[in-house]
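What follows is a set of structures for review.
Okay, so chain A shows up in both of these, paired with chain B first and chain C after.
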Partner chain A sequence: MRINTKLTTYEICALTIIFIGIKLTDTTPTLLSNSTQNAFWYIPLISFIVMFPFFLITLYLLNKYKADHLVDLLQILLGKTLGKALAFFIFIFSFFLSAFDFRSYVNQIKLLYFDKSSITIIFALLIFISIFGAIRGIKVIGYTARVFFPLFQFSLVLLIILVYPSLVFERIYPIFGSGLSNVMYEGIFKGSFFSSFILLMMILPVARKPENFYKGTIMGLIISVLQIVFLFLIYATFFDYKSIERVPYPFHDVALYIDLGSFFTNIETFFMTFWLFAVFIRFILLLYLNTWLFGATFDIDNFELLILPMGFLIMVIGLIPDNIIVNEFVYRNHLLNLNTIFLFIVPVILLICHFFKRKKV
Partner chain B sequence: MLRKKQTKNNHNQISSNLVENIDKIKNDFSYQINNDFSFRMLTAKFNQKDICLCYYASLVNSDKIEQSIIKPLLEQDGESIANIVTVESVKVLTDCDEINQNVTSGKVILFMEDHSQAYSIDVSQFEHREVSQSENESVVRGPKEAFTESIHVNISLIRKRIRNQHLVSEVLHVGKRSKQDVQLLYIENIANDQLLENIRSRINAITADSVQNVELLEQYIEERPLSIFPTILYTERPDNACTYINRGHVVLLMESSAACLIVPINFWAFFHNIEDRYSRVMFSNFARAIRFLALFLTTMVSALYVALANFHTEMIPLDLLLAIASARDRVPFPLLLEVLLMEVAFELIREAGIRIPNPLGPTIGIVGALILGQAAVEANIISPIIVIISALSGLTSFVISDPSFNFTVRITRFIFIFAASLFGIYSLIICFVMWLMYAISLKSFGVPYFAPLAPSYQSNKNIYFRKPLRNEKWRPKYLLPKDMKMLKK
Partner chain C sequence: MDKWIKSTVLIVLLIILSSCQDMIEVEKESFVIAIGMDVTDQEGIYEFTFQIANPNIASPMTADPNGAPDEILTVLGADIMTAKDKADAIVTKRISLDHTAIFVISEELARSGDLLRVIQPGTRTSHMRHDIQIIVSKEKAETFLNNNNPIFEQKPYKYFQYKITQTKETGIIPYADLHRLLQITEGDADLFLAIYATTIHDEEEIEKSEDQYLAGELLQKGGDKTQFMGSAVFKNGKMIDLLTAQETRIANLLDRTVPLNNILVTYTDPIKPEFYISGNYIQTKNPDIKIDYDAKANHATIDVTVLFEFEILAIPSLISYAENNEHKEILEKHLVETNTQLAKKFIEKTQEEYRSDPFYWSLYIRKYFKDVPSYEKADWHNNIYPNAEVNIKYELKRLQFGKTMSDTNLSEVRD
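Presenting the complex of A and B:
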């Protein structure tokens, strides 16, 4: 029976929101507040406004050339060799960024819940579930995201409702934090928060109709940015600018602080379950998209067989940094900065090639 | 070569010589040893020819043979057998294989002198149970009939509920040595043709000697025999079967099976109950919410207890934590062992309870409760909290009414307990994600297991809760029915 099992707008939107929106739970606020003090909450908005035209350019070009996915578009516009070379560069960047991303979340889990366990084991478990989920295929990942998505939003809403009485809204002043120039610099150069979006463009062939993909990703992007900004606002008004620099994981800290009445005083494990679920979906998708990018670059049809070696490589690379400080402030920081420049250049190159092609025709 | 072919053909064909036919059929059915196999020789009045009746005495209605076959043949005049024999079903046979099949199905074979054809007259009377109440799927509100072991009674139970001339009952044969009939029931202007083709090809691909009943058939035609999730629904209620036929599913029935199989099926079918449709909307949605809670409790409560008490003790409120700690103070076993002990004990009692002869039932129940509950706690083998948790997870599993899915849930519970003992909530959620992704990736006869939730199709959205019956407009699109609308305006 030929039933259409491809993904709809809702599933792609849920995937995007979980993929990008999970950023509100890691060390991003700490990283940002280092230079911008208490203005860090609207920096994702600035980054988004700066990056959004570039994403739209890429989506427009995808639509215009009716490309299969991102790598296909690169090959159409830049020719086979140059397109493959550029795709390979994108792959290398996103691969290393993913490995350090994995490490960042493993650090989180270890610090919060399993202080005395070996980091290798926790990393191995995370890689194990990523490999298992990625082998199921992109459609199953989309369906799982759809099943889980309402629960994730429910947990966020519950968190916001429970923390609301403790917020002090005067803490958002001064609005520009440590200075407008600092804020703009951070906003522009941290655009690579949304760098994973470029990986999402590989999903195009699995959508039922291309319109589903465009609508789903753009809606998902906007909703996740709004969620991130809102949650960052809550962190800014909950922790003051001095404390936020010392709190590595604001999401979990907020969960540690709130209580449900006077009987349930420690409910952070409740939020941990939903957070873990979202993290797993994100990493399953990350591993799958990286492998897909690799497979598309080198014209490998059965790239799903590469998921196991890729996962293992990611684990090995992720174990290179020695501790959290090195991981966050050295590796990830530099990579994120470099990646932003990359993300600016690639759509511009594509647009220039598009104009050249139009002139030729 | 030609001679061999001829003997083969002749071997299968009925000869005109009556004695040859009788000898052949005596040989085939081992007449010397077979006490059951009976003959009746007589001379017909209408053409003065010798006639021989062959049948299994245990499978036929002897009154009918006497009144409707032998009496008219001896007394009436007419042109042909069909005009004299008064039984309602008379067929002409030309093949010896067909003769064997018909005799084993309870029909009488009539051989006539100088006739190279045989007649098969249906006088079968298989003994079966009368229509009684459903034992395993009982409802408070709704019809209480259940299928019995006779296929004619079962089909009549279905046909009286679906009075539609397009309801078709198609017959397929399974089994090489003992041919049994499998009846497919579906509405032919709704059910999808490719689905039917798929079912037919799977049934025809069975190479077993004999497939006795529907429970065995399920294991032959399912896709993944080793999976813990069932992909075919097994029900003993005709009203349940009719609901699914109306939506475009296909029902499989066999003789001597007091239940039917429904294909293709998804996860929600195991979770929903037929009683949901018989109660009003708010009542049935309330019952569904309770069933959800029960599903969550039965799979997760023991695993959560292991995870929280071992790894995340800060989550448990302080007073409760002190109570648990003081209760566990004198218990020598680690928590995981306690939980496993209680769970296994509960499963043992459950299995034993099914097999206990009726007079002993209540006694064993009391003894089991006393031993496990009171005595074990007082002997400090287990703590009282474990008894509560284990009883909760065991009793809530009874809310899942489908017998196959009940096993799924019980196996899942043990898997989750083991997972939670490794790394607490971390490994429990890993195991849960694995379980969920595995379930989502399953397909039953081409239909995804979690449809219409994921992937989403046009349907009545009867997933978590149901809509009022007046608002149910569509058939489920994942079955690709020929007619999507349920209402005719």
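Presenting the complex of A and C:
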């Protein structure tokens, strides 16, 4: 078992795809379709095209300065205090976003499968699993992702094949949804769907060679965006534009509708197993990267000991919203909008500092 | 020491595997196969009938030859969930709606427009699948479910599943699951067709061609009492009319979201009109629909071309259509003409009486609009379709004659 070596390109790619690609299974389509109706399927593509240059800038700077990871880069470019302050800001943003993300998925699990159990228990269990997985270390996470990745893709492909006869492609028209301006606004401001990518940039030191990291993350990002757009297209053609606003979890609704022949009619739990595993990997990684970011900001070397209190804090914050409507449309929506502005500004600031430094030298 | 801690933690975790408060043994659940809904004298209160399957029938070992295949229970309630709660107090096991296969709605309830109110829990809870079939029954749903006693099928779940799949393939009932109901009703641009069925037969049979019947009109002696035939037309969630099996077939064949392509039809014999010709009507491709949309005048011209093949199965008049070219041409023209006439009459009826289309043709007009608000303003439902000019053309691609080359020559056989 090759656990002791560092992460390869394939593992990083698989991690990225599971980490970002799982967005196609939560309430993202509902959130988007509230303002853009049936044009929501290509919004991630627009967001990606808008955000991609900024990511590339950050990756380029990382490469240029041979920095250890993101926080290191911030410190090099902005000086120790300012860099640490900015890193702390990034940490606070992603921490709160992660907490509400956790809450969103816990809601999903509870609503769909565990009606009567209390939400605290399910949340506690999820945190426990994340802590348990995160303590193992990043290399184990990478290895698990590599083993699990083909299975997850297989279940997605099976879902697509089974739902294909029920799709009606004309439903993507009218092509601009609720209007071109709305679509553009949402596309630009929801760039923070990929905000978890900033966290992924902490993985750099664990990759075997820096090239592995760059290749793995960029390939993973592109593949996951294509996957998201394709699955959103399927939701748009399966649910019409008025019904998708009422369906909070399109992935599970599709799994509820399809059947495998006339004997296997209720196969939704089959898809649930793979989905659940992908959710675990995502949250283990999220907890680990958040703690790493925190540790790097405050120069703590053995940050693995902080995973437990960090997880507990996330649970406490995640239990604040009352219900899914408040969670989704108030907290997450505002946070995502703010985060996108933040994600635009940070690489630009870094680029400006880079030019200043070049001038000085 | 470490090992002990780890093993204890693992064993404690095993307890959680039973899903906390949600744990329920399969034996403690009873599965509802059909839910019937009726109106009562009070507004807002409906009568719900649950048909619960007997699990012992499933395995031959525990099957009791005299046991009932199902249990039918009727309670009052404001919605499905309250009724289920009341029923839970009566049955021995907790009711689960996970395997519901059909909703039966009485015609009275359908015409009152309360369909969406009653069905609403089906969308809100995640426990009901969206492929539940919607059936409108002529009599009360309670009577329908009680009278429905299939002779061969012991398991009610299999009965409904096979029966509806089988009947759908003949085209006399429409595609009507909950998913389609929600898409079409919320899409607010087309008509929804629900399956029409009954267990009460008409007293006398009125002479009609083989598929112009509605459920209940077909005179039969013996066999199951339940007849599934024809459809109920819903506009904006309220039932407005009934369609015969023939009209349902036309609606199914012209709709590209319904995968129907091979049905057995009967036409009058063109040379000897007292006889009929039966054959397979095969439509391998979806009808070609071209819409010419004038945005300023908000007027559409719809050109429909239907390509079909016909395979003759029975010619009781014994006229040789296969060998005689002249006769063949007469037959071909007759087929095309009859189909075009029927379709035209039906389309005119939908334009004038219903003022909307049951073919889901609003899909084709969508690409002429840039965004949703302008599409909704143009209003396919009330403005574009009723005033549209529809030209429908049938084209016979191939005429096949089955196995025999020629029929018996009756004059030769009889001395």
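One rule holds for everything that comes next: the second predicted complex is superposed on the first by the 357 of 361 C-alpha atoms of A that agree within 3 Å, B and C clash if a C-alpha of one lies under 4 Å from a C-alpha of the other, contacts with A are read in each partner's own complex, and residues count from 1 in each chain.
Convention: a residue touches a chain if its C-beta (ideal position, glycine included) is under 8 Å from a C-beta of that chain, and two chains touch if they have at least 3 such contacts.
Every value quoted in this text rests on a predicted model; they were computed, and no experiment measured them.
Colleague: Determine, under the contact definition given at the top, whether A:E211 touches first (chain B), second (chain C), both, or neither.
Modeller: A:E211 contacts neither chain B nor chain C.
Colleague: Which partner chains sit in contact with A:L125 here, chain B, chain C, both or neither? Use first/second/both/neither.
Modeller: After superposition on chain A, A:L125 lies in contact with both partners, chain B and chain C.
Colleague: Taking the superposition on A as described, I'd like to know which of chain B and chain C A:D299 touches: first, second, both or neither.
Modeller: neither
Colleague: Of the partners chain B and chain C, which touch A:F263 in the superposed model: first, second, both, neither?
Modeller: The answer is first: A:F263 touches chain B but not chain C.
Colleague: Between chain B (first) and chain C (second), which does A:F114 come into contact with in this model arrangement: first, second, both, or neither?
Modeller: Once the two structures are laid over each other on A, A:F114 reaches both partners.
Colleague: Have a look at where A:I175 lands relative to chain B and chain C in the superposition and call it first, second, both or neither.
Modeller: Touch status of A:I175: second partner only.
Colleague: Shared contact residues on chain A for chain B and chain C?
Modeller: Common interface on chain A, chain B vs chain C: 113-114, 117, 125, 265-266.
Colleague: Which part of chain B faces chain A closely enough to touch in the complex?
Modeller: 192, 194-195, 198, 308, 311-312, 314-315, 317-318, 423-427, 429-430, 432-434, 436-438, 440-441, 445-448, 450-451, 453-457, 477-480
Colleague: Quick check on the complex: what are the chain A residues that touch chain C?
Modeller: 37-39, 111-118, 121, 125, 165-166, 168, 170-171, 173-180, 239-243, 246, 252-253, 256-257, 259, 262, 265-266
Colleague: If we count contacts the way the header does, which residues on chain A are in touch with chain B in the complex?
Modeller: Contact set of chain A toward chain B: 1-8, 10-11, 109, 113-114, 117, 122, 125, 128-129, 132-133, 136-137, 139-144, 146-147, 263-270, 272-273, 276-277, 280-281.
Colleague: Applying the document's contact rule, which stretches of chain C touch chain A when the two form their complex?
Modeller: For this pair, the touching residues of chain C are 16, 19-22, 98-99, 123, 126, 129-131, 161-162, 165, 179, 182-183, 186-188, 257, 259, 363-364, 366-367, 369-375.
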